[in-house]
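What follows is a group of structures, each given as structure tokens.
The same subunit A turns up in both complexes below, where it pairs with subunit B and then with subunit C.
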Partner chain A sequence: MAPPATDAATTKQEQQHAAGGEGVEVGGDLRLVAECGTVVRLSRSAARMSTTLFDMIEAGCAEGGIPIKGADVGTLRLVAAYCEKHAPHYDPVASAARLRDPFPPFPIEFTPASYAVKPVTQLDPDPHGLEAWDRKFISDLPDNSALFNLIIVANLMAIEDLVDLGCTAVADKMRGKTPDEIRVALDIENDYTPEQEAEVRRENAWAFED
Partner chain B sequence: MEALAAAPRRAKRRKPEAPKSPEQEDGANISSLVPATSAPDSCPPGAGGDESHIQDPPPGAGGEEEDGIDRISLLPDAILGEVISLLPTKDAARTQILANRWRHLWRSAPLNLDGRDLRTIDVVSRILSAHRGPGRRFRFPAQHLQYYPAIVDAWLRSPALDNLQEIDCCIDIYAPDVLQAPPQPASTFRFSSCLCVATLSQCHLSDDVAQALQFPKLKKLSLQWVSISEDSLHSIIAASPVLECLLLSTIFGFRCVRINSASLTSIGVGANAGYEPTVTFLEEFIIEDAPCLKRILYHRPPQLPMRLQVSVISAPNLETLGCLKYSDYSSRLTLGSTIIEPCYIKEFRVINSTPACTVKILAINIFNLRLDVIIDLMRCFPCLEKLYIQSYEEGDKNLWHRKHHNLIKCLDIRLKTVVLNNYRGIKSQVNFTTFFVLNAKMLESMTFECQRDSVTDRFLAEQHQLLQLEKRASRCARFYFTTESCRHEFLHINHAHDLSISDPFECVEAGVGACLSFE
Partner chain C sequence: MRTRSGSRYSNGGEVAALVGQKRKKSASAVAGECACDGRRKRLAGGPDYLDALPDDLVLSILTKLAAASSAPSDLLSVHLTCKRLNELGGHDMVFAKASPASLAVKAAAWSEPAQRFLKRCADAGNLEACYILGMIRFYCLGSRSGGAALLARAAVGGHAAALYSLAVIQFNGSGGAKSDRDLRAGAALCARAAALGHVDALRELGHCLQDGYGVRRDPAEGRRLLVAANARELTLALSAAAASRHAVAALPFAAAGGVGGGGGGCPLLSDFGWSLPEAEPHAANQFMVDWWASRCAAQAGGKKPGGESSGDGAELRLCSHVRCGRRETRRHEFRRCSVCGAANYCSRACQALDWKRAHKAQCVPMDRWLLAGVAAVGGIGGGGEAQQQQQ
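Now for the complex of A and B:
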């Protein structure tokens, strides 16, 4: 497979992909174009995580620049970083059949103390370090907007796992908080009139009981 | 543009900007907008480079300035609906009051309804009539089937629950009336093609309903205090091609179940010894063919003994077993031709013919802490890496130097982690422990769960000496003395979901305490 005549830096990458790919994948990285025109590159194996891109690759129309409408370059790079990290361990079947559990299975109150000790060897907790990486990925986001933009772009590109991760992060910011606290945490403006608000409360009195 | 202007804040990160690459798309003149960042790199921007660049999220990531504008409203309804469906029922309903945008979201977000938290069944009915659906998860106390069967049936028919993924008829009271198990409404099974997780309790599953079912998406199934026939249970398992976790605890209607499943990874078994002479309890579990099975876990009612036989004929990937308990009378675990039987005098009678080399995690509950018994068990599982021991009394002196002198030479102890509950530092426990300290060459940690007041500095210093930690066989081993004990006999299974935890014996509560460790 002769690498296309682009800059030398991609050659090694393409040879890697050619060697590791399914045999049919030719060509180099995908080129995603942000709203401002900047190009963000994404390897083909990472692009599989986006159903949209995957379909385009299959249909043979993934050459050239792929504009991602409304995506700023920062968010696009974050999305690309996520996909590249998860791509080696991505299983589309497992991802499609993922189960999300809204409630923790066993109510154990763990009170942190000054010496928190944990036996070491675990057989398969987060074997590729992906969960830890995801946690850091989310906590490193500078602000809420970054998180929301991430979800929007991931949704646009149909990257289900990343959409899930983002939604879970937002839900985590809301869980256990009063409506006022949520509004502060997520910059939501209360545009209800007092009458409207009272009406919502009345209709759903059971939810506002305690 | 805002996004690029924000980039300088993160200039210290490694990612170079676009203009370094010669193949710019479009005519957009990027270079004037992008600030100079770190040294130019021949690798292309974005994440197309080699692994070392991928670890850090790029600079200026999504960075709009923090200006207090309500940006969450930019998310589409479907996404906000997903977020809402991840919240507990009341929290989710309260989102309606956040702002106008949110007013109608809850009613069309996938419904996550926990009827256990709500005060009356009227509230559940009201929610279901107001909600448009689809349903995601519905939980309610199983005893409603007994007292309000018509209402439960109406709930299950509600369009608000269409496409339900998880149903949870949870047990609230223990030891319900076995002879009067109400029928599980047939309306439950209108979800059979979309259910992923199902918990059914305190009910009767009739043959004509059960045997007609297919569960193409069911991954986790829990049946507790359920009356069902042998054919029906086999039929349900066979009709669940992607079933991973199965909890069968206190099933009545027949004696023995044969498990054949190509997908099952974890099974929970329990047989609450019943005293009803007219009722047959499921007490024998034969794992005939389970190529993916990793865990066999005993689901134990608190403090009560169980009577059950578990035979494993073919489970070549079995890794985790437990918690086997000394007081399970007339019980037996058979792995191939190896037999482990709780036994009054000897704690466990072990006949070891075919060591199971895949088992890595074992939990044991014995009355007297006897090293001989533990060694017998270790020989059944030569590749054991984690051992959890709950014990109560001393029993044996556990002197081993002479007795097991020859054994030590040929026994290759692969244990990495040992957890010993109820540790008081008394002679027999010390002797027991030194066997591992001095002979387990691959040991990484030993944890002693003690009483809160007993872990004083003096106690720790004493143990340091008594346990001969200076002479330990594994130099990197750490020894932890915790002040909280596991109060669940190492078994934290409450629900089918818990069966997918890789080490269900690890107790989060018992993770507190002082620590003696050596470099």
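Now for the complex of A and C:
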């Protein structure tokens, strides 16, 4: 029986004692196998951030290596680093996954009450230093291919927060630039014919008059 | 993007199969596509990162871009880059999340494509776009029912400014006759907007309560709401200043500069001699102000003889609070300052703001208005008997 992955630390030790060391995987680290066969370890608490891995743990099929098709080692290591960093402060209720797929599937509005009024002076917008770490994480990525691979692998593993982080980074690269600059920044090929381009330009000309 | 005939991964692998089952996406058709198109091998011809991303991820990227963009050009530059981004950028999901700043169409740039853009955003369910397009259609283009329908749509979605605009329309009976005024409906809409924290609506409701206009008269509650409006305005101004990282911009008035001077935005502070820089007017109001200004300039340039649809001295006046930008829809719709009779306001909130800002210095009592104006029009801020008759 796979234990619920909530108290990973204490459960790990209990299980290892109780099971008499029967399996390293029970309560141990998960092993993610990259495309080329290298294994990247990920602790259970960090794996909770990935909906896919969490479901696998719950279903009890997280023993042995978990192959991740299409992921190379560098990207997996980055993903693992992100998960390890964010795992202690991960709150499934507040995470992006809930925003993507909310229940009920319509917005519920309450009248703002007096306790909803927040103080004007910001106490500390980044209490655990996570946002600064995220910014550094993204800026440390060597090039666009690393960023896009990261998004793809995070999408595969269903880590919504990391997908959002990556998408926001790409969107930041697109914002405030002319179309030519965007093409240069993201290596996009211009497949318009001159007539089509002129037509699209005409359609959107009103936004560019300044 | 040129489509590459790269090889695809035929069997998805365990993780991907689980991904296909476990994730329930609303754009499920797109997700179905992405499972096939998703991971193509990059050929050695050159990097093609966006090609490797499935459509739903590109949509997420574009949605984030829309939500963070600060001008329409940010959002539309992407359309010019390549065909795939043009097509995906035109998806409803992206337009639905367009930020208010990216919908701020300038009056000088108004054209058919601009209107189409706003219409698409409004159809996609973007409340801010519904509001802006509704205001433009109602006041500038004269399409009363169409504009009001869009405003109603935004209001139903909970947009505070749309609720307030509808309240002003109800209070004045805009678009109809004077008998179409519905004070109670206006007060109800105002109350809803005030509950959402809209500053002008709080002020308006405060004055309505003080005068018993559309609601049961309750001066104490009205006074409380007026103070709440000031406090809310101050909160918004300070948090805006904090967010933009400026040094706290509250400046004490110079002693000589005194009471009527340069007029900061917040009445609460200005009572104590401090001022804050005035908040930016909403995009819709700015549009209307620019629109009327350009119409008047065109007319003053002698292009047309004074037509009845525009013209400031002639028939329909603008609200004298310059940042409001609303215009009357029939003669004598707006109410006059009861002291001087020269200033017209669409609502009490505009009158209260303008008093502090500019009108106090300019208001000169004219004797003849005290007799004729108050009885005829029911002036603001005076004539208690006239207002009691309206109850």
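Basically, the second predicted complex is superposed on the first by the 146 of 210 C-alpha atoms of A that agree within 3 Å, B and C clash if a C-alpha of one lies under 4 Å from a C-alpha of the other, contacts with A are read in each partner's own complex, and residues count from 1 in each chain.
The rule we apply is simple: a residue touches a chain if its C-beta (ideal position, glycine included) is under 8 Å from a C-beta of that chain, and two chains touch if they have at least 3 such contacts.
On a predicted model such as this, the values are computed, not experimentally measured, just so you know.
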{"item": "Partner chain(s) touched by A:81 [first = subunit B, second = subunit C, both, neither]", "value": "first"}
{"item": "Touching partner for A:42 - first (subunit B), second (subunit C), both, neither", "value": "first"}
{"item": "Subunit A residues touched by each partner, larger count belonging to subunit B or subunit C", "value": "B"}
{"item": "Which of subunit B and subunit C A:148 touches, first, second, both or neither", "value": "both"}
{"item": "Which superposed partner A:73 touches (first subunit B, second subunit C, both, neither)", "value": "first"}
{"item": "Partner chain(s) touched by A:171 [first = subunit B, second = subunit C, both, neither]", "value": "both"}
{"item": "Touched partner set for A:130, first subunit B, second subunit C, both or neither", "value": "neither"}
{"item": "Partner chain(s) touched by A:197 [first = subunit B, second = subunit C, both, neither]", "value": "both"}
{"item": "First, second, both or neither for A:29, with subunit B first and subunit C second", "value": "first"}
{"item": "Subunit A positions touched by subunit B in one structure and by subunit C in the second", "value": "100-101, 109, 111, 117, 120-122, 144-145, 147-148, 151-152, 155, 163-164, 167-168, 170-171, 174-179, 182-183, 186-192, 196-197, 200-201, 204, 206-209"}
{"item": "Contacting residues of subunit C [partner subunit A, same complex]", "value": "1-2, 9, 12-16, 18-19, 22-26, 38-39, 46-50, 52-54, 57, 60-65, 68-83, 85-86, 105-106, 108-111, 113-114, 117, 158, 195-197, 235, 238-239, 242"}
{"item": "Subunit A - residues contacting subunit B, complex", "value": "6-10, 12-13, 29, 31-33, 35-43, 46, 64-65, 72-78, 80-81, 83-85, 97, 99-103, 105-106, 108-111, 113, 115-125, 137, 140-152, 155, 163-164, 167-168, 170-171, 174-179, 182-183, 186-192, 196-197, 200-201, 204, 206-209"}
{"item": "Residues of subunit B defined as touching subunit A within the complex", "value": "1-4, 6-7, 9, 15, 17-18, 21-28, 30, 33-34, 42-50, 54-64, 66, 68-76, 78-79, 82-91, 93-100, 102-103, 112, 114, 118-119, 123, 126-127, 136-137, 139, 165, 196-197, 217, 219-220, 242, 319, 360-361, 385-386, 416-417, 419, 444-445, 447, 478, 480, 482, 492-495, 497-498, 501-503, 506, 508-509, 511-515"}
{"item": "Residue ranges of subunit A in contact with subunit C within the complex", "value": "51-52, 55-56, 66-70, 100-101, 109, 111-112, 117, 120-122, 144-145, 147-148, 151-152, 155-158, 163-164, 167-168, 170-172, 174-179, 182-183, 186-192, 196-197, 200-210"}
